[in-house]
Structures are given as C-alpha cells and as structure tokens.
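This is the structure, below, for whatever I ask next.
Note that the chains take the letters A, B, C and D in the order they are written out, and that residue 1 is the start of every chain.
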Amino acid sequence: MTFLKRYLIPRLFQYFLVIWLGITVVFLIPRLTPNDPVMRMIGEMRGRGSTLEPGAMDGIIRDLTQMYGLEGSWLDQYWAFWVRLAHGDFGVSFFQFPTPVNKLIATAIPWTLALLLTTTAISWIVGNIIGGLAGYYSRKGWSRTLDAIAMVIRPLPYYIFAFSLLLLFAYVVRWFPITGGASLGAIPSLSWAYIKDVLWHSILPALSLIILGGAVNFQTMKLFVQNTNSESFVQYAKMGGVTEDRIVSKYVIRNAILPQITGLALSLGQIFSGALITEIVFSYPGLGMLLYRAIINGDYNLIMGITLLSIVGITTAILVVDLTYPFFDPRVRYN
Amino acid sequence: MSKRMGRREFMKLLSYSAGGVILAACVPGPQKSVEVEGPATKVPEEVADVLGTFPRRETLIARILTGRVGSPDNFNEWVGWKWRDRGTQNLANEPLWSVDFATGNIIPGAAEGDPTYSPDFMSLTVPLRKGVAWSDGEPFTAADLVYTIDTLMKYDGFSAHTFFVDNVAAVTAVDDYTVKFDLKQPNSRFHTTFLDRWGCTWIMPKHIFEKETDPVQFAFNPYVGIGPYKLHSFDPQGSWTAWEKREDWGKSPTGILYGEPKPKYIIFQYFADEGTQILAQLTHQLDVAELSADGLKALLSQSKTSRAYQPTFPFVVNNDPCITGVLFNTARKPFDNIDVRWALTLAIDIVEYTSIAVDGSGTLSPVHVPHLGPYPADYIKPMQEWLKSFTIDVGNGETFAPYDTTAPKRIADFARSRGYIFPDTQEFLEQAFGLGWYKFAPEIATKLLEKNGFKKDADGKWLLPDGTPWKISFMCGTVLSNHDARNAAAAVQQWKKFGIDAEMYTTENGDGLGATGDFDVSGAWPAQEPWGAGPDLYRVLDRWNSAYKKPVGERTQGIYSRWSSDAMDTIIKDLRETDPFNNDAVIALGIEGLKEAVTNMPGIPTYGYIGFVGWDEYYWTNWPGSENPYNEPYTHWPNFKYTTPFLKSTGA
Amino acid sequence: MNNKLTVLRTEQLKAFYVLDVQGTQKVAKAVNEVDLAIYENEIYGIAGESGCGKTTLLKALFNDIILPLRLIGGKIFYRIGWDEEIDVTTLSPEEKRKLRLEYISYIPQGSMSVLNPVLKLRETYEDFIASHVSGQSREEIFELAYKQILELGLPKNVLDVYPHQLSGGMRQRVTIALAALMKPRIMIGDEPTTALDVVVQRGVIQMLKDIQKNLKNTIILVTHDMGVHANVADRIGIMYAGKIVEEATTELIFGQPRHPYTQFLINSLPKFGDKNVRSSVPGSPPSLANLPSGCPFHPRCPHVKEICREQMPGFTQLDENHKVACWLVGEGNHG
Amino acid sequence: MKILRDLFRDYRFTFSFSVLVIIVALALLSFVSPYDPTLWNVVPKDMKPSVEHWLGTDSNGQDIFWQATFAVRNSLIISLIAGLVSRFIAILVGMVAGYKGGWVDRVMMFISDSLLVIPLFLIFVMLAMLVRQFLNLVVLGLMLAVFGWAWDARVIRSVILSLRERDFTNTAILSGTGTVKLVINEYMPFAMPLIFSNLINNIAWAIGLEITLAILGLVNLNIPTLGTMLNWALFYQSILLGRWWWILTPVILSLFLFIALYWLSTSISEYLDPRTRIQRVGA
C-alpha cells in the first residue's frame, strides 16, 4: 500500500508529465522553425515543375492553410490536437495529403520494428555475452583479437561501414540484393515466398546494425566485466571452489549486466525514431525517412504522430526499468 | 587495364576494411580523366528472372526522381503533390499538349491541334483527338474535360481551384470532340494551363469521378488514364510502381501518333542513395537514371554497357529549358543598386565558375533564357550585336563593354586541360558551351563599387559604404548536386576571391525565405523558365510584373528578386495583348524584355540547366541521345511515353 | 619432534610478487623462506603488522598463488589421508578447486562485498554446494546447512534474504558457517573479526571456537589484533617482512616473548586498569620490495647489534614449542 | 610525474598518447596552412598523393592534407566541447540526484527524462534548420552537449544509488564525512572508469552525430570537419571513382582518433582503479 502511495503513484504522475511535456515541446518546435508547411508544399510543387499561376498564389495559400488546419492560433491548434488525439487520430499528413498519419505510420512501422527490434536484441545479447566472456578471459588471445576488431569497427562512420558491406556482399560477390525491403514486384502477403524474400533483403541492413551495435555492447560489457572481475565476491567464490561456469554467469556477468539493462531499455525505446542512414543506404522502408521528410517538409501532424510514439516508447522503457530494476539489483529500493 | 583493376581493387578493399583490414597503401591509384570504356561487367543470370512476374527482357526499370512515394495508394493528382513521375505523368496520363524540348515544338496529345482564341481573348475552343479511350475501355470525350473543369471549380480542395474560378466563366462541350471555354477576363495564355511541361491541369475520367461524393478525398486507385500504359501494381511502401502496356495501346494518343510502345512492363523504382543506385545500374538491375555529375562519371567508368546523353564530354543533357544562375534580392541593400549587381557579375570568371559548378560542362547564356531549343535562333543569336555594343557606365565618363565572345572557347580549353576529349567544330562548341558570356573584369567591378562608396580595408576585404564589412549570405537548398547549390558554391568562391566575405547558406526553407524576401542572394532560377516550346517569353517576363510584387515580409507572387521596372511592365502588357502564335511579334517583344533584364541584371544567368542521364543499354537501346534526339531524354518527364515506341530490346 | 599430526606443512616457501617495471624486474618478497607445520585440531594464529605478508602467506597456504604472485621456491604439503602428504603446488586447477571448501575452506573478512549482492544467500549456498557435490547428496547437504544454521544460532530465515539485508556480524557468521559447512579439515580465516564491533567480535570468536571444538579440525587465523589471538589461538606465529620470526604456544608468546618485535606487539596491547596510552612499534615496516640487509627488523630494533645488519639469523629452538629467529637469542640453525 | 611514468608503462597508453600527440600536432598545423580552407580551386583537382600534395587533392581543388588539419582541429573542438560540457552536467546531475534522492532526485530525473524522451534526431534537425546560419563549432558542440548528458546522468545516478547502499557510505556518514568529500573521495573512484568510458562514448557519439548531420547537409558545409570532409568525398562519389586518398583520409583519421581515445580511457581507468592496477602492473 505504501509502495503504491509513496512510489508508484508519484512515478506514474511523473511518467505522464514527461510525456505531456515532450509532446508539447514537439508541438512547439516545428512551429518555431522558419519552415512553413504551406510554403514548403508550394516550393515542392514549384521545384518539381508544376505551373502555379502567380495570380492564383494567394488562393492556393489560403486553401492549403485551411486544408492543413493551420488557420487558428497555436493555442487553437494545440487544443485541436488533443481533441483529435483523444479519438486516437493524428489527422492527415500535409505532404501526403490527404493520407491519414495513422495509415502512413501503420505502413512503415512493421519494417522498422522488425528490423530494429531484432537487431537491437541480437546485438545486445551477442555483444554482451561475447563481451562478458572476453572480459572474463581478457588475457586470452581470442579476447584480445575480438577487442581489436571491435575497436576498429566501432569508429567507422556507419554510412561507410554499411556501404562497404553493400559493395562487398551485393556487388563484388553477389550474395545479397542491393536495395529495398523486398524484391521488385513482390506484393506483401503472408506467404513463405514473400517472407523469405523480405528476410533475404533484410540481411545486409540487419548485419550492418548488428555488427556496429554489437561492437559497442561488446566494448562496454567487456569493461564492466573486467571491473566486476576484481570484486571481492568473485574472488570469494573462487576461494570457495565454485565452478568457473557458475562464476562467469552468476557472479561476473550477472552483476556486470546491470547497467546494460538500462541501456537496452533506452535503445528499445528509441526504435521508433527509425534508422535513417540504414534506410538511406539500403533504400529500406521505415519510420526514419518518414520522420526526416516530415521534419524537412514541416509536416506537423506526421511529426507529432511519429514522435508521440517515440516519446511514449522511451518514457515507457524508462518506467519499466525503474519499476523492475529492484528485481535485477536487490540493493536498489524504490524511493 | 591495370588502372581499372586498381579501382576495382579499391572498392573491394573498402569492403574488406569493414572486416578490419585496411591496406590502403597497397592500392594502385586510379586515373584523373574519365574513361568511357569500363571493365566488362559480369551479368548474373539470376538478374534476368529475379522479378518473377516481370520477365526482365520485357521490362524497363527507371528511377523515380522525386523519391519514395509518400502516398502510394493515392493517384488523385489534382490535390497536393502526388509523385507524378512514378509513371502517372510519364506513362499513364496524356495531357492536351506537351512540350517537345528536343525540338521546341508542341506535341498535341489528347488535343487534335492548337487552341483557337477569339480576337478579344475572351474565349477559346480546343479540338480533342478522336479514337482515344481510357485504360478501362471507356471512350474519352469532351464531357470528361468539361466535367474536370466544373469539378475543379466546385471544390476548393483542388490546387487549381482558384485559378479556374478566377478565369473561367463557363465551359461547354460544343460536340463530343470540341470544348469551348468562356473566360472572365481576356487571357491570351489560358491554354498553357493544359500544356504539360512537368505537370499541368489533367483530365479526369468522368465515369469514375462522378460516382464519388467527395472527389478531393477520392484516392483514384487504380489509376485510369488515356496513356499507353496502365497500372499493374505498386509497393505499399512506395518504393516502386509497375506499369503494364495496355492491350488497346492503339487507343492512346501515343499509340495513334507513334505506334506500339516496346517494353511490356515499366517499373519506376526508388533509390535513396546514389552510390547504391549506381551499383544497381552496374549490375543491370536499373536501366536508366538521372545522376549527379560525379555519379555519372563513376557509372561510365565502371560499366561498358552504360552511356550518357552525349557520347563525349560534356556528356550531359543540355536541353532542359531552365536557366540557372544567381538571383539578387533587389529589395535588400546593396543589391537594389544596378552597379552592385553588375560589379558582382564582372567579379565572376565564368571559366572558373563553371569548372567549380559543373566541371565545365554547362552551356552558357548571357541572357535570361537558356541556350537550347528555339532560343539561340530566336533570341541569343539575333541579340549578339546588341550584346557586343552594350556598355555599362563605370563612372567618370568611362564606359565598359562587358560582353565576351571568347568565353566558350576558354571553357573548351579548360575541359581539354582536364583530359576530356571532344570534337573541335564551331557547331559543337556552340551547342556545348554557348555563344558568349561576360568578361572577368575585377578592375571594372572595383570601379563600379568605388563609384558607389564601397571601400577595401587593409586586408583587401570589401567594406560597405557605411564602413562595415560586406558579408553576403548565398542561400541555396541542402541537396548539393542541385544547380542552386552548384551556382552558390561557384559564386561564393568567385566573390571570396574578389574580397567579399561570402558564404553558402543551405536551407530547406528557400521558398519561404525567398517569397518573403528574407535573403541576400539565392541560387534559385535568375528568371522564370520559359515554356520550352515556341518563342513566346510571356511566362519568363510576366514574373517581373510589378503587380505581383509584395513588400518584404509578405509573400510575393512574382519572382523572388522583387525587381520590376516600368519598361518591363509595358513590355508585359504588350505581350499579353499579342497572339501567342504570332511568332514575329512575340520575338520582337521578347528581345526587348531580355534587353531590359540584362541592363538591370536582377539575377545573373550563367549556364542552362544540365542533367546527367545514365542509360544502361544491356536490355534496351535506341535511347534519344544527342546524336539522335528524337525526344527529350529523361524518363521522369511527361514526354517519356513518346520515347517508348522507339526503344529497342537487345534480347539479352 | 612431537607426536601431533601435521595437516599442513611448508618447506622453505618463497612466494614473491614479480613486477615488470620499465623492463626491469621488481620483486616484492612477500613470503620468504617460510617453514610451517600446522597440526590437526588446533587454532594457529598468524600475527603481524599490515604489509608484513601475512595475507599473502595465507593465500599461499590456501594454495591460491595467482599472478602477479609467483611461487619462487619451496613446497606446500596437505595431509589428505592419514599418511599421505601431497605437494599441492603441483595440482591442476581443477584439483585445486575440488580441495577448496571440502578439504580447506576460507573465511573472508566479513564485509558486504564478499557475498554476491544480487543473489539471495540460498543461491550462494547452492552455488558453493553444487560446485562440490552432485545429485542426491546435494539435498542432504542443504538439510545439513539448515541444521547447522540453527545450531549456530543464526535466524531461521537467514538464507532467504540478500546480503545487504544482514548486519555485518550476521554476514560474518554466515561466511563462517559456509566455510564450516562441508566439515573441512582446515579452515583459514583472514581477519574475520576486524570490521566488527567488540560485542559482535566476541560472538564471532566464540562461534569459531565452537566450530573447531565440534569438528576437531584446524583453523589458521590471520589477524593483526593480538587480543584476538590471545583469545583463540593455541599457537601463534609472528610474522615480520615475509618471514616467521617467532613461533610458540599462546601462553609462551604472551608470557615470554623473546623477539623484540613480538615484545613490541604484546606491549602495544591495552591491559585492564592501565590508563596510559600504549606505545606502538616505533618506525614503519619495511617495503617488501626493498628489504634491509641482515635481519629486516634491525632498523627498528632497540637492541641492534653489528651482526643484525649483516646476516639474517636462523631459528633457535628454545623449547619444543618455542622457536625464535633473533641474534639476541642465539645463532640459530641455518641448515 | 610518477603517474605519467606508471602510465607509460602500458603500451596502450604509449600508443594512444603518441597518436593523440600526432593528431593534435596535425590540428595545430592548420594554423600554418598555406591555404584558406574555405577557398576552392587553389590546387589542381583530383590529384593522387604526391610530393607537393602529400594526401592528394580533392574535386573541389583543395589540398587534402591541409584540409584534414582543419577537419581534425574542428572535429576535436566540437567533440571536446560536447564531451566535456555534457560530462560535467551528467556527473553533477547524476551524483547529486543519486546521492540526495527525494525531491531533488525527482526533479533532476524529470528534467533528464524529458530531454531523453524527445527524439534527439528531431531536435537536431530542427535546431540545425533554425540556427544553421549561426552554426559554428562552439554552438554545435554546445548543442550536442546540452542534449547529450541525460542518458549518462541516469547511468551515473544508478551507480551512485547502488554505492549508497554499501557499507562504507554508512561508515563514512557515521564518521561525519561531508557530502562533497564523500562523493568525491568514495564514489568518484568507483564511478571513474564508467565516466571515462562514457566520455569516450560521448565523444564518439558527438563525432558520429556530426557526421550524420553533415551527410544530411544539416551543418555548415563550408567548415571542414571530419563529417563535412566525408560528406564532400561521398558527394563526389570518391569511392566508386576510386579516389581512395580522399575518402580514406577522414575515415582513417577518425579510426585512429577513436582507437587512441579508447585505449587512453581503458588505460587511465585501469590505472585509476586500484583493483585492476596491480594486475596490470604485474602482467
């Protein structure tokens, strides 16, 4: 009962406050930039050769402003946003008018989630296990070799690394496709053929993310393990003749992993922003490009839609970590 | 041979470096100039059949220029922006008229010929083509056009709504193949709203739209048009759209005019990254794409089967009717001063300028229309004598004749010094580099500035008349390969050398800042582009109309330089009252307009828009290259459909 | 020499820290030519100032010589059966591991950090037990553990909590209980009472005594606290600068200390009714990496003689249970 | 001095130190560059490395070696500002929040959580759009710093939280040790290796983000940095055109920079950590 009153309720209050603040900031920032969605649309049409009669310009601007729902003051728009949100609606995208934001997100999100959930999980698990072992056996040759590899891979600019993978595996040896989330002409279905096709296309993008992400986890974990390794309880377990596999798993890695759990939660929460450079190099579908284009075009509703997901994602991840952390580390109490 | 191996090796090496192996020092160096011949590229067998439903031999794959389609299941082109180069404008739709940029002629598509205006320009009639059917089999008639205009005027969600409400009093079908427009005020250029350059007013299929309660929200999926191709399928993510040749292609204007299109399927595909896109083309997974200058060099140097528009340097497509250059904000000091604008023009060494911007491959134009299509013959050549005699007042009674006919030759020499090889005929030089430009005269520029109270400080940096350092912020977009950025980079370099603290300012919001006059200098077109067909310059000159000009802070409706003059207003008024099809009268007024523009220099015209098209001829040949320019060469232009009947399958 | 059974014996044991400093070797002589014979059913105390090498000696006796500590010379014998003495320095790591807890167990200084903070004590017990016995007998041992906990007067639920939930004294008792669990023949304690307050200390000492009485095994206890030694030890070895300098029964050490260093240690003990501040040993202990010539104690010795500076004295056997290495006492036996 | 001598005993420290000295020397060389880094066409274009141009020239007609000196200098400035300023905030917030607890903790974590939840990428693109004209090195560095501390503050806080539960905290508090002294003397040594690895991560992150922003054209491309250098090289398709001397320069420079920083951090944090120190020295 006191847990509920003294910890959970204030924590939940904070949770919603953070979400509200985040959303409000994201609502305001695009409106503070000089990027006006109406002018962007006109610029886009003009830049792409559309004939816009000079005499009709005022009318077009008026019509677009009305269609985009940008007529009232910011306060009106802000109120309208919450009213819409209460109905689970983000409104229509300006740039993809009149496609609803919900639909744009719904089409892109499976790709992002499938790619990033998998790669984040794999690189975390693999990176931490290998990093943990490498930290425990840090004097062995293979540990030093892996450390050297991680050290060289990690600083490579992601773009260069991803493009190098592409050059190697899609051009020099042609094992994987060059571009796209699926083959040209493939229509989404639940057939095995389509799924196989999607998997085949996802290997290179996934590999690029896993290797780089894994290298980061590897290095961090190795460091944590080396620190844990010299803790008294590890020495004591050795003195007690505890078998090595138990020492590695339950004493060293189990303790060194604690800070990594927070890291995992945050990376999972950040998934909703997409992986823009991956999407660029591999022409892969996803939220990253959608968000980037929305920002560039001042597509307020679409920005709100994607960032709301992202904000809720990260905030929830933090909440979950805070609530569950005492289970991972019994020393930490709710406060 | 060893050189080619070197490049390959390097690419392999870079990929291996991903695995931690960096042996850069062992890589043999590549060469300086571009080779047209490339290494033999092995074509994997599986490429031919990887597409499954689309047999590769019968399929043409082109790149979407404008990126991933944001709303792939929405084809309602009359509302907002709909990625029309995904195949709608270039394959599935046919407008009343299109511009043939290769010849400067008008191609009548859904129309049978030119429109006829009443002498007072208060009405016009349009003859429609007979025997045309929509891709779902319904016949195309005058009722479709009338319905389109009525609908656009009824709903304010359509982009063209205001224009038609402002202009059209009534639209009627005289018979099944003739439509009459009654206008609200005289308009001698009303028909150009139907003239397809890269978007125009398209015609709705009445039998489909009339079933809809809200035609603005209607997604119009599947698309129905009168072009030779119909929608086959598309990626819900918008990365590709596939089109299939109509069985009744003979009922499309393309089929009627030019015969059967050759590719059975045409797919427009999206590539987010140019490097990836080049790899796709090298492996024959992409037939045609527009690239950046260096992307094209890379493609040509790596592939034996690829070619550019021109077989030799400058390789580029130079028949796009836009003039690029520098635009001054004449509402902001000191760019309101003609002397300053001319000083900045004369501070440019055009040889170095084009070498920075486009490696010397642009065609120069001294006036505010590009050197291509009908414009050299109609305007630039006739204006040579005037240009040579044109002088500017340097002060102290001194004058200076800025025109320089040696500029093209000097650019050609520069290109040869870079190792490029190309013909040395007068005809070629003129076509590739233009007729002339302005002298590099920093001393005259200095005099012009000093005449207006500018000074140089001890470090040789220019100060404004009030004694503060002169800074120029040159606004351009963030895509560095676009010509606004190319011009920005080149001009900034030239002005820096001249002693002005100039800097490139990249922004996504060029249009917003431009329209409200919040910039110094911009890389936006120095003048509105002409239609590209016929000698009429109304479209160019009208943007300088003082009626469109709004004060700084408000959105201007004319060109962003906010320049106008009484003389120009008079010319525009005269042109408006002239029959657009009366060539002699139109040209005479056009020349006067261009003279007024050159004299005042509200923007500096530099080189015509050039594009970098790369064709992989592994599956399809007979592209409209410079030696056989039967059509404009781009696949994203509306006229691409008129190229399809001329393509030849290699049977590979 | 005597009829008691030796369970642990060293011969000229030399264990040094060998450090590589800028190419030259630097040697810290932590355990230098130590001969020990520890009997069955006794509590043997090792005393000395901090930095004298007693913890290192303890590690060596525990056969836990890991880098940078190196066995330079000498042997360590455990008596595994009744007649069988084996040199444990030659054992494989796995054989060494198996001896621990079962044959020889270790009692750490009872701070929080020797117990794995993320495991309940039950799990730590489980790890220690399962590393040595398997299958059916594991459950039996667990039952024994419960029984033992009750016998030692620990709370019933002590195994169901995390280490940080116990007091320091309780944690110390748990580590002692754990060390005694498998009835090892030898238990080694490294300052097990140091961090505790006096009342708790007394309880812990009593517990050690009880266990020893019960199991009739050997306890080797290292502490700098002479008071503790007086309370528990049967015999005491005084260590100075890597060497044992005096060894005798507790009564003899406290009653007739012969080595000047031992005398200092005894005199520094507070006595009842004595209100004077006790003098501690003057000067500071020498660096093990840079020992004085001759007797290492000579710089601090009030009775220093010429020979002390030149030569290390050998042991002089004063009595069956008393030997001293000091020139004041005798020339000793260098053989 | 003894500290340095001890550190130099570690080959990693020696290597890192030498590399950093070279890199800093490179950065300092930029002050005597014969070329203005913002001027193009000052040397022939696309030349391979030669005696006159040690690392060749690029397609903008600039000397790559001298350009690299500016790039290294500017990237160091950006990432050091970002790394040090954000570290300062993160340590301060993390330690105070973790140690004080209660409402101080709540308010501080509320601020850092709010910063954490707003997608950084959105903020950067928007801010870059907003302030691009004023986007010099310091502003960019500070921008990265202001938005780069929240995560690490949380990590440091959680370390402090678990340290607070340990015995020595109670012992120290009972013996009357002041808060500041406790945090600095008792907690910092434990947090130091973490802070160092965080600093390196943060510098890596700052350089990486600068490169990403540069590739998207969101920074001032006239200022040479490792990111803008890479951007120009990619823009001119130097990989596919085989101009290895151009593309590899920023890549290899950042590679060495990172390895040096990484080894430096592990070496120093091992030195600072008394538990691993003996091991290392004994190895």
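Keep this in mind: contacts are C-beta pairs under 8 Å (C-beta built on N, C-alpha and C of every residue); 3 or more make two chains touch, one makes a residue touch a chain.
Because the structure is a prediction, the values reported are computed rather than measured.
*Asks:* Among the chains, which one keeps its Cα centre farthest from the Cα centre of subunit B?
*Replies:* Between subunit B and the rest, the longest centre separation is with C.
*Asks:* Could you quickly compare B-D and A-B and let me know which has more C-beta contacts?
*Replies:* Most contacts of the two pairs: A-B.
*Asks:* What is the distance, in whole Å, between the centres of subunit B and subunit D, each centre taken as the mean of its C-alpha atoms?
*Replies:* Taking the average C-alpha coordinate of subunit B and of subunit D, the gap between them is 43 Å.
*Asks:* Between subunit A and subunit B, what is the gap in Å from one C-alpha centre to the other?
*Replies:* The mean C-alpha positions of subunit A and subunit B differ by 38 Å.
*Asks:* Measuring from the mean C-alpha position of subunit A to the mean C-alpha position of subunit C, what distance in angstrom results?
*Replies:* The computed centroid separation for subunit A versus subunit C comes out at 55 Å.
*Asks:* Would you kindly tell me how far, in whole Å, the mean C-alpha position of subunit D lies from that of subunit A?
*Replies:* A distance of 22 Å separates the two centres.
*Asks:* On subunit C, where are the residues touching two or more other chains?
*Replies:* Each of 111, 113, 117, 164 in subunit C touches at least two other chains.
*Asks:* For subunit B, which residues are shared contacts with two or more other chains?
*Replies:* In subunit B, residues 11, 14, 22, 275, 507-509 touch at least two other chains, as defined above.
*Asks:* Please output the residue numbers of subunit A that touch at least 2 other chains, ranges allowed.
*Replies:* Residue numbers touching two or more other chains: 33-35, 152, 156, 160, 163, 167, 231, 258, 296, 329, 331.
*Asks:* Contact residues on subunit A for subunit D in the complex?
*Replies:* The contact residues of subunit A facing subunit D are 10, 14, 17-19, 21-22, 25-26, 29-30, 32-35, 139, 151-152, 154-160, 163, 167, 216, 219-220, 223, 226-227, 230-231, 258-259, 262-263, 266, 269-270, 272-273, 276-277, 291-292, 295-296, 303, 307, 310-311, 314-315, 318, 325, 329, 331-333, 335.
*Asks:* Where on subunit C does subunit A make contact in their complex?
*Replies:* Counting only subunit C, the residues touching subunit A are 62, 64, 97-102, 105-106, 108, 111, 113-120, 123, 127-128, 130-132, 162, 164, 175, 178.
*Asks:* For subunit A, which residues are in contact with subunit B within the complex?
*Replies:* 33-36, 39-63, 66-67, 93, 95-99, 104, 107-108, 111, 148-149, 152-153, 156, 160-161, 163-172, 174, 178-188, 211, 279-283, 285, 289-290, 293, 296
*Asks:* Note which residues of subunit A are touching subunit C in the complex, please.
*Replies:* 231-233, 235-243, 246, 250-251, 254-255, 258, 328-331
*Asks:* Mind pulling up the subunit D residues that touch subunit B in the complex?
*Replies:* 38-41, 45-49, 59-61, 129, 132-133, 216-218, 220-222, 234-237, 239-245, 247-248, 252, 255
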